[in-house]
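Two complexes follow with chain A in common, the first pairing it with chain B and the second with chain C.
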Partner chain A sequence: MRDMLEKIKRRSTFIDKVNPITKISTGLLMFILVVLMHDPNQLFYLSVLMMAVLIILSGVRLKYLAIVLMLFLVFGAFSAMYMVLYGAGATTLFRFGLIHITEESLVRGVHVMMRGLTLSFFGSLVIFTTRLTDVFYSLMIQLGLKPKFAYSFMAAIRMVPIIAGEYMMLRQTRKVRKPLIHKRHVSGLKGFITTVITLLSQSIRRAYRLGVAMEAKQFDDGPRSYYYETRFTPYDILFLVMMLVIVFTSFVTGSTFSLIGVTDAR
Partner chain B sequence: MERKRGLTLTDVLITVVIGLVFAVIYSIWGAVYTVLQPLGLHLNELVYGMWFIAAVVAVLILRKPGVAILAEFAAGAGETIVTLQFDAFLMVYALLQGLAVEIVFAFTKYESTRMMTAVWAGIAAALITLPLDWFYGYLAEVAAWNIILMFTLRIISGALIAGVLAHLIYQALRETGVLKFVGSRNMKHHEGL
Partner chain C sequence: MVIEIENLRLRFPEAEERRFDRLNISIRQGEKVLLLGPSGSGKSTLLNLLGGNIPRSMDIPFKADVLTVDPKAAYVFQDPDSQFTMPTVGEELAFILENRRIPRPEMGGMMEDALRAVGLRVEFTMAINDLSGGMKQRLAIASALLQGADTLLLDEPTSMLDEAAVTDLWGTLQDVWHDKTVVIVEHRVNEIWNKVDRVILMDAAGQLIIDEAPEAVMRDHIELLNDYGVWHPHSWDYAPVFETVGPRDEAVIEVRDMKLARGGRTLLNIDALNVKKGEWLTIEGENGTGKTTLMLAILKLIKSEGHIHVNGRRVKKTKDIAGTVYPVFQNPELQFMTNKVFDEVFINLEMHYPRDEAERRCAALLERIGLRHVSHLHPLEISTGQKRRLSVVTAAGGVPEVIIFDEPTFGLDQKLSFELLKMFNELVEEGVTVIMITHDSEIKKRYPSRRLIIEEGQLKEIRGAGHA
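The block that comes next holds the complex of A and B.
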């Protein structure tokens, strides 16, 4: 995971040094804020500013960033579709059978899409600037998460590539034995269950073995010292101030320079 | 080895790994759901139940308190890692859906492995996020027949995928014999390694 992150990183920024707890709590606050925002103008500026922060401060190569942004926009557009096509409203723009596009539903659809985008931009900023190990160490040290949960998560995440590899192997085996096995074991419901069972049973076996070994090595609860130390630093304050400024700016610009006349998407 | 009540590290590890296997499936499923979305008539809701399946499968396997929430959270967290976006929204949903499954199994004192229990758990998980969806997606503004259709399809999906399919997976998994490693039923099976 870390290698992959280093491959796409161009430079490191101060956000790398912010404590993961700060970033995750800010993420939860952002979620609440975005759900409570009903003015599409303000939300538009917030999403644009978050995109700018992602581009400038994530430190990821622009090539990868472009792909990520494209995906977000495409998925966002898809998720806005049902509201645009079926939402209720008074001013009709287009009507075809069950599809009924109104001005209100269009605004609302775009609003829901911008909500998703704002959260996605912030979310990928966190992902691109945080090492997974630090998240769990920080949860243990700063928030007192029980070590058995933290170490289980860290160990399990290392198994994901093995699971993926196993799946690829399974696919290749099936390709080789295609003439010998019945088609229903490969595709459809039966095929799905067969695949899941193979992956699950192997993973449970591996997890059990690893679990016994880790319990023997006392990766359990109890007083312990930590290999990595995480702490709160002035960078956390800087990060919080930056987020406050962004939110404040979007509120002010949203109410001063309105792009559309609608101030409430409801 | 003395058996402790509650979750041991091995239990937690197995639960998280089950969650992460499903996290990979969830991520692929996200694409299926999104592609079905513009078709309209909420046909995409028919696949929604897949997102609770980790909780049901894990709690059927381990049958201990807290497993459903943990598995669903691991699956949700894993999904955000696989798709490279940290999504607070998704985490909240995962926790709530895990909680719904947890409540249903708590009623049976974590003893039942019947298919009906799994079906009820799937339905509960489909229902629990209704208030959040209502608020986040402005569903009050969508035509009423559309909302009813959406939630009917979602409940059917919860019952079929998270209920019946999860139970089929559990049965097949029991036949593989791998479950003797798991849980508190029988502790004399270390030789299997």
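The block that comes next holds the complex of A and C.
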């Protein structure tokens, strides 16, 4: 996980040092906030500011950021389309067969899109600045998650690429055998079941061995010391203040400099 | 005595007979012991008992009059991928220290010392998945050192390594093991035979047959070792010798101007490769040079530039040569797709014969490869050697014209390896072409009619090495 992140990072920023718990809880609050925001003007400024934060503070190479942003915008536009093209409303802007664009549906569609974008931007910011191992360490240290669960998860994550590689090999072996046998053995439900059984049995065996190895390394669920001593630091406060300023700014500018003549998208 | 077991009786819950019946074993502080035995003789089970994995993690009922073991013993297991918990080298080493509640400020230095002791020069942030097999096993030894254990239990630590890595690994172990008690279960014994204090041989019933110094075992008990089919330093003197069957003149596989790339980097260029009918070919080369990739490319399982002709016909898809050129992968488990050993072969034959005839031929084929008695079992239940033999006949409809084996003798005992070699020879005599990817220098020296090696991105022929 970690090297993956390092490959796409250009520099590290203070957000890397913010405790994962702070980031994740802020994310939850952001979700609630965005769902309750109904003024498209305010939401517009919020999404723009979040995009700026993502670009400036994620520390990710611009090339990768550009791809991510493009994807978000395309998906956002698509999700908005459903609302825009078929939504109900009183003021018709355009009509062609089934397609019926009204002013209300347009605003609502764009509003939904901006909600999605704001959360996507924040989510990517968290993902780009947080190592998965840190999440588990702070869950253990700050929130008292049992080491048993935390380390099992981390071990499981390590298994994912191994299982993926195994699946690729399984597909190759099937390709070799397929022309030699009746297709009922390979295709459909039966083929699916044998694939799953093979992969599962390999994984179960590996997990069992790993469990034995972990206990042989004297792992238990009791007290332990920590390699990553995650804690709350002034950076967490800085992060919270930054988010508050962003939200506050978007509220104020949204009410002062309205771009759209609608203040409630409902 | 660090380890003292008297009158041990152990039975696996589903088994009819006891795995160990009145077993006695004692090992002194600092002693190095090599534990031998045929497949399924309970070596790993015993090792799990010596370090307390039974009953700590494995629920297997047993009784013993005296049971002094070392529950803090450190293990190095056979499969590098199932002994690490964390994604990076540093985190994995720290995992051990965390378990020991070593304060954070002391960790870094201890971890560096451990890596230095095993000669592993990598950053703490290196991903374990990117390490080679040999490096992973050295990391496992570093972990064992950090555990601060007095006893080291090694369960076939080299079975997934190539020869150079094996030598390195034993060298590393010798550097760190002097004050420790070490019990080794291992197939590839040449490198360590004279470095241990005692050699113990267990039979299939879990009894100790031999328990003597290595020199004495070599002097008095070679016959016994051969009978039980375990490797010993002179194993190859007893290896099967075949009359050389020269390859026939017809070409089976022709490769022209092949270019293999991995991750945007050219891995291998082959201007021309001709494989003849009835050849026994080895493909050699260090880890990561592209041996397995070449196999996949010939089978058209991965993309490559160039032309491949089999029996004069251009190969465009895997389907074109299915059943003619057949691979046996390193991991035979992935090649099976039914719930019974019998069905594994039967589904091929049912395409060619009426049901009765197919069943008869299937039984005959299983008989021939010595799997008749396990034909009712699930393919994943049988032993490694059996799996490998089974995966060979999953090609059957008859027998394919070319079989490519990826490391066929990895992790097999002497008996199974020799049996497999005999089977290869039979195939060659029948005019089948056998291509083996192998690291085993004895096999390379003795059996192939032609040796190819991948060096510096080129496929070269080794000439003049001759036969033994």
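The definition used in the following text is that the second predicted complex is superposed on the first by the 228 of 266 C-alpha atoms of A that agree within 3 Å, B and C clash if a C-alpha of one lies under 4 Å from a C-alpha of the other, contacts with A are read in each partner's own complex, and residues count from 1 in each chain.
Basically, a contact is a pair of C-beta atoms (placed from the backbone, for glycine too) under 8 Å apart; a residue touches a chain by one contact, two chains touch by 3 or more.
From a predicted model like this one, the values you see are computed outputs, not experimental measurements.
J.: Quick one: classify A:M83 as touching chain B (first), chain C (second), both or neither.
T.: The answer is first: A:M83 touches chain B but not chain C.
J.: Is A:M30 touching anything from chain B or chain C once the two structures are fitted on A? First, second, both or neither.
T.: first
J.: If we overlay the two complexes on their shared chain A, which of chain B and chain C does A:I157 touch? Say first, second, both or neither.
T.: Touch partners of A:I157: chain B and chain C.
J.: Using the touch definition from the top, say if A:I181 reaches chain B (first), chain C (second), both or neither.
T.: second
J.: Looking at the overlay, what does A:S201 touch: chain B (first), chain C (second), both, or neither?
T.: A:S201: touches chain B and chain C.
J.: First (chain B), second (chain C), both or neither: which does A:E215 touch?
T.: In the superposition, A:E215 touches chain B and chain C alike.
J.: Compare chain B and chain C by how many residues of chain A each one touches, and report the one with more.
T.: B
J.: A:K148 in the overlay: touching chain B, chain C, both, or neither? Say first, second, both or neither.
T.: first
J.: From the superposed pair, tell me which chain A residues show up as contacts to chain B and also as contacts to chain C.
T.: The overlap between the chain B and chain C interfaces on chain A comprises residues 1, 151, 155, 157, 201, 205-207, 209-212, 214-215, 219-220.
J.: Touching chain C in the complex: which residues of chain A?
T.: Residues in contact with chain C: 1-3, 6, 133, 151, 154-155, 157-158, 161-162, 166, 169-170, 172-182, 185-186, 191, 194, 198, 201-202, 205-207, 209-220, 223-227, 229.
J.: Report the residues of chain A in contact with chain B in the complex, numbered from low to high.
T.: Counting only chain A, the residues touching chain B are 1, 24, 27-28, 30-31, 35, 68, 72, 75, 78-79, 81-83, 85-89, 98-99, 104-105, 108, 111-112, 115, 119-120, 122-124, 126-127, 132, 148-149, 151-153, 155-157, 159-160, 163-164, 167, 189, 193, 196-197, 199-201, 203-212, 214-215, 219-220, 265-266.
J.: Give the list of chain C residues in touch with chain A in this complex.
T.: 48, 51-53, 56-58, 72-75, 77, 79, 81-88, 90-91, 94-104, 107, 125-130, 143, 147, 296, 299, 301, 318-319, 322-323, 326-327, 329, 331, 333-338, 347-348, 350-351, 380, 394-395, 397
J.: What does chain B use to touch chain A in their complex?
T.: 7-21, 23-25, 34-35, 37-38, 40-42, 57, 61, 70, 74, 77-78, 80-82, 84-89, 92, 135-138, 141-143, 146, 165, 168-169, 172-173, 176, 178-179, 181-182, 190, 193
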